[in-house]
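Below you'll find a set of structures to go through.
Each of the next two complexes has chain A plus one other chain: chain B in the first, chain C in the second.
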Partner chain A sequence: MTPAAAVPRASTLRQVDRLFRDRPVVPLVALLALLVLLYEVARPGVVGPTWASGIVAFAIPLAILAGCQTLTMLTGGIDLSVGAVASMAGFVTATFVAQPGGWELGVVIALAAALAAGLLNGVGVGVFRVHPLIMTLGVGLVVLGLANAWQIATVTSSTGVPEQIRTLGSDRFLDIFPYSLVFFAPLALIILVGLRRTGYGRLLYAVGDNPIAARLSGARAWQVLVVLYMISALMAALAGILLMGLTNVASVTLADSLVLPSVAAAVIGGTSIMGGRGGYGGTLVGALILQVISALLTALGQPEAVRQILFGAIVVLVAAAYTRVTAES
Partner chain B sequence: MSAAATALGEAARPLDAVVGMVRRNGWALALLAFLALLLIFTKVIQPRYGVAGAQALAISALPLALAAVAQAICVIGGGIDLSIGSMMALTSVIAAVQMKGQPEEFGVVVVLAVLVLGLILGAINGAVIVFTRVPDIVVTLAMSFVWAGFALLVLASPGGGSAKWLRDIILGPFLNEWIPKSAIVLIVTVGLVWIPLRRSRLGLSIYAVGSNRLAAFRSGVGVGRTKIAAYALTGLFAALAGLGLTASTGIGTPVPGPYTLTSVAAIVLGGVSLAGGRGGVLGPIVAVLILQLIRSDMTFLNVDTNLAIVAQGAILIGVVMFGSLLQLRRARR
Partner chain C sequence: MTADPELLLDASDVAKSFGAVVALRSASLAVRPGEVHALMGANGAGKSTLVKILTGSVRPDRGRIAIRGHERTVHSPGEARRNGLVSVYQEPALIPDLDIRANLRLTHTPIDGFRHWINELGLARLDLSRHARELPLASLRVIDLARALSIEPDVLMLDEITAALPANLTERVLEVIGRQKGGDRCIVFISHRLIEIAAVCDRATVLREGATVGVVDVTRGSEEQIVELMLGQPVQGIAAAVRDAASAAPTDAPSRLEARGLGHGTKLVDASFRLGAGEVLGVVALEGQGQDELFDILAGAVRPSGGELLVDGRPVSFGHPADAIRAGLVYIAADRAEALLMQRSVRENIALPYTARLPGWGLIDRASERERIDRAVTRLQIDARAGNEVRRLSGGNQQKVTIARWVAGGVRTLLCFDPTRGIDIRTKNQIYQLLRELAAAGASVLLYTSELKEVQLACDRAIVIFGGRVIAELDAVDADEPALLRAAYNLRAGAQIPEAIAAKAVEATLARGDAPGPPPAAVAADAPADPVGEEGAAR
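What follows is the complex of A and B.
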């Protein structure tokens, strides 16, 4: 083994590292393709447009929640109240089905409640500088408790998933094109373009990357954060309403099991929890990857437990890989 | 370094020692006073509150108090462990499955094995954090999936059993009917580990690493080793909490309870700084008692239990906001 022989290998490795660092979406899409291939091997003939649309439909609520994590993680935060806010929004909407205002009024009230929760998060994190993890946990508890109290208060009135939301959440145009995509595609586009092209998007990166530098250059971090957590809560509420339509269930704990996967999707997608690095493109692929892994494990007859263990292991491995390549630069 | 620490600890005059202790544990003492007020308040609104109430409080607080101690240790060391609830679930189901239908003596082996397992689980968490250099939050969040998954593999639905002696250790009164056994268990287990730890080199290192990693490193503290040891101790206390769950319920439950979140709430209320290096275990334990007592008070007042959750969240938010406001003002001065 001469040094001359070792050099090219090391440089290809570095190229892979650089690709991983600068364009994380490329290796992630490769991983996604590999997983789909694995699925095809495990269950020959199943992979097709119908299968893909099922995966996409189930990945959408997760992708929206992962969007909340991506945006907050860019500023060095995290939003663990998304589960409670999403479930609350779906449940509140469902309780208005048989009421005078109808479910439309329910949606409006749910979104308003979500905005209030987001405002509380934002004021805590932005103005009082409470650690985002703690603040959002606390607000999540408050929202869950209030939603439970609401459940008991409205126990006599009938609840149900509105027909229109069920259509939006779970039906597909020509059995292929999920209606929720019509709703989700513009949202994703707004986030993607907003992060890259608008001043507010750049402010998020600036506040997360170097708060002092951001302050010295005139950014008011607290305003950025208050708006950010309100956006995050609003997105969580929309995800909850969609999820209710998808699963045809309204419960105050509906979205709880998606909180940790939403963080996982953002981390896999290359967004750093320390702030300032990442984007929504990677997160979208991350959410799809998690969804395909879930489907793969279900197809292989593996219990939920194995899925959890694998999710955890993947997050650690991917995060370790990102830390490695970014530490080298 | 350790000589200076002991000289500080043992003040020349007894009065100085008392003043020093009050000063160092000011927040915990204030919490104790608040707890006393809360107990009086409880007695006023519920005149029948007495022996049974104290028993129930001590038993329900035991797993949570141990979880809070677990969280306190790794947060003091500059980390945070979001997998405590999952580690509790895993150790609890393993204990319950192994002890079911086995002779009493075998239960001793199981308990010891589960405690060792807790140390190992925690050490794995710590080692992954140290060697991958991924932030603590991400690693322990991911590991919480892993440990909860293993718990489900061990036991798919609540079941198993507990050795009778293990249940007897925590259920019922000790000597006097007013002293619940579970309170004694809590004091003994925490005291046996924490007091020697606090006075040891490792304990000092944990505080040093938590308050300033770089300074600790430059003073010759093995930062990685200390961190792994702190997480291992967190795992040990999580295992104790898991055993407490099995003992108090008589079964093992594979789905993690709200213990991780509540443990974070308890340590923040208990005066442990999330930035690390500050606080102790007395404050968090008292905070757990306060949180549990507020819960039962709300039941006595016929307040919906869900509003009790709201109150818990609101207290958490209020305290941390107040705490950071104080810090901000101090920083501006």
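What follows is the complex of A and C.
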């Protein structure tokens, strides 16, 4: 009979399935290793500590922005304003370089502005129940407009990327260890531990999994969401400032191209866009995977158009494959 | 392998595992044409899984399924339907945002046939243009059944069809099922209510822990045999133990919760009652008499439109469930999909109330949390082997998790809304026993149940709600099934229950909804029997 014959194959498959479901990071790390191997084949001899530290340095702003998406996606939301908020934060910081108070004041003002944008997102989503997609897209546009207005207002003053931020963003200790990692590692740790070991982290999952159950247990979702979108905006601002240091560019659209990859990194990392499932560990690997794919496409010397097509296609494929293997049979 | 062509459906040696959890080890089911066949088993025995395999929504790991002697592999519900296998699942399978007619069209259901069966089932007044969302659960179940009948399947599988039905609809459903006997088709009937099994079924297949342990001819006295097969050990003394605890309850305790004329819209008009400390107060009502609104108000989910609520003698006003919880009122919903985080672990589900409010947002003390949760898991005897994701637990275990959530931290006032719906006898007894223990420790329990027989078992007193009013109050000794039913239909003691009034009362609740229909008093007034005035009955 067929079922008997099918048993061994089915059980192996099931083991793989179970591995994917219970430890989604394992297959992702395998995929990452495969991509690195491909890179080594495509450009022999390049892969090494210096190459890796470059990948990590470029992946950090993406990983922070993907953190914003992970946290908001856990509640069934999304934050599309991160691109505008990140760019704005970098740009505002840059305009204060030659002002009294210096770039430090600029950072404080940029973070305050980001928190205000986050508050707006949070109140819109949490209190007025606007769909997060619409709300954050709208707020992103408002932030972009305000940043443009700020650009016009400060057109006479000189802007520049502060030396210290450039060091933090792009320099490496002994040419290997990116300084930005010193900044990023504690942040990542806070998110990882926060999601697992704090009541607030549990609530993000609870609100995303079943808002009715969370409410009946006494959780006030609006409080959770207002705080969440403020955290997200704050993280986006920090990512923007780092990105400015990394690229040595201050522009009001600097981080726009990272919005889609930030969502993709979270999805590839196993966070469900419907809420209630996922975590930051997968997202970190997801961000690295995207960074390596992008480096690989550059290394293959393809024109920009081909790179875009391949990048988009690969993101969709990985996300689709991932959803398929982790779904309940 | 040869199959017996006499059998309409013959499934043997069916096995299915979900991850580490074995749902079915070796289940078999053989049904003949023209019979009503009961499928019995405690919660988690694998009944629902077997039905899902037979109707193609779950793939078995192993096993053989033959329909009219021909071996078949059923890959999807559509294929099952083409093979003549149709099932009515535990949850209504209607799309809430479509009206009934669109729902029927979606499943290619012949409308005339549906009309015929819905009349037979006692919902002649159903308006097909109503959205499924607006209809009460009981009507949705009946609609599901009528839809399945009008497809005219060879094998119709009914999973807990009567679980959410009021008494008069249950009677109609059983009558229609009974009339299917002797024809060419057969019905596989799943229910926890032995009385129903005895009333309509010819034979019963009993599952225990994923395997078929016996096939019994249903005759007078076979209930004992079925129960013993189901439990694997003779059941004695559990019910008696619960009853003993009940009789020890205090009678003149201080008032914990007092409702004075609570109202909400047109559904709840005047709910007044008193719940004492250490007391279990039963709430009895037909479907849709305002009990849902009453519990929503007490749980803080909706605000009352009138009346007063006192907790420990002080007036309170709840704007959010968190307010009710702070006042010590916690709510256990009947709908487990409403109460649980299905993708999260047993631990997170039980701990949810601790992290819900601002002071709980910080770092979790894992040691004390584990201790607290282990205690609750042990106390409620939750089988948490599949505890990583609550959705993989059986229905009874899920229900225990919703209760453990509130019991874990000590409870003052427990609001239970039909906590034993669709749960096997043993789990039911555990839950009632737990309620009695909580009451003995000083907690107050308000218990709405659709299982009238169990009121005497678990409650000290019972109130009856009809048409949005508390119309009667009975002591446990007087609250036997006939007395409660009479009160629930708002009939004078000693009067018969005419079918017509019963149907009218339920139909009135169905007709009400978007437009404020006739006031409940008017419904009672049409009735030939003299209704009890509210002043007369409420004490």
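One rule holds for everything that comes next: the second predicted complex is superposed on the first by the 318 of 329 C-alpha atoms of A that agree within 3 Å, B and C clash if a C-alpha of one lies under 4 Å from a C-alpha of the other, contacts with A are read in each partner's own complex, and residues count from 1 in each chain.
Keep this in mind: contacts are C-beta pairs under 8 Å (C-beta built on N, C-alpha and C of every residue); 3 or more make two chains touch, one makes a residue touch a chain.
Every value quoted in this text rests on a predicted model; they were computed, and no experiment measured them.
Peer 1: A:Gly124 contacts which: chain B (first), chain C (second), both, neither?
Peer 2: A:Gly124 sits against chain B, while chain C stays out of touch.
Peer 1: Kindly classify A:Ile109 by the partners it touches after superposition: chain B alone (first), chain C alone (second), both, or neither?
Peer 2: A:Ile109 sits against neither chain B nor chain C.
Peer 1: In the superposed model, which partner reaches more residues of chain A, chain B or chain C?
Peer 2: B
Peer 1: Examine A:Asn210 and indicate which partner it touches, taking first as chain B and second as chain C; both and neither are also allowed.
Peer 2: After superposing on A, A:Asn210 lies in contact with chain C but is clear of chain B.
Peer 1: Just checking: does A:Arg277 make contact with chain B only, chain C only, both, or neither of them? Give me first, second, both or neither.
Peer 2: second
Peer 1: Mind working out whether A:Val25 is in touch with chain B, chain C, both or neither, as first, second, both or neither?
Peer 2: The answer is neither, since A:Val25 touches no partner chain.
Peer 1: Counting only touches as set out at the top, which of chain B and chain C does A:Arg197 meet: first, second, both, neither?
Peer 2: second
Peer 1: Figure out whether A:Val306 sits in contact with chain B (first) or chain C (second), or with both, or with neither.
Peer 2: In the superposition, A:Val306 touches chain B alone.
Peer 1: Using the touch definition from the top, list the residues of chain A that touch chain C in their complex.
Peer 2: Going through chain A, the ones touching chain C are 1, 3-4, 7, 10, 18, 21-22, 197-200, 202-203, 205-206, 209-210, 212-220, 223, 276-277, 329.
Peer 1: Give the list of chain A residues in touch with chain B in this complex.
Peer 2: 78, 120, 124, 128-131, 133-135, 137-142, 144-146, 148-149, 151-152, 260, 263-264, 267, 273-274, 303-313, 315-316, 319-320, 323, 327
Peer 1: If we count contacts the way the header does, which residues on chain B are in touch with chain A in the complex?
Peer 2: 80, 128, 132-135, 137-139, 141-146, 148-153, 156, 261, 264-265, 268, 274, 304, 306-314, 316-317, 320-321, 324-325, 327-328
Peer 1: What residues of chain C sit close enough to touch chain A in their complex?
Peer 2: Answer in residue numbers: 19, 59, 61-64, 299, 301, 320-322, 325-326, 331, 333, 337-344, 348, 351-358, 360-364, 366, 388, 405.
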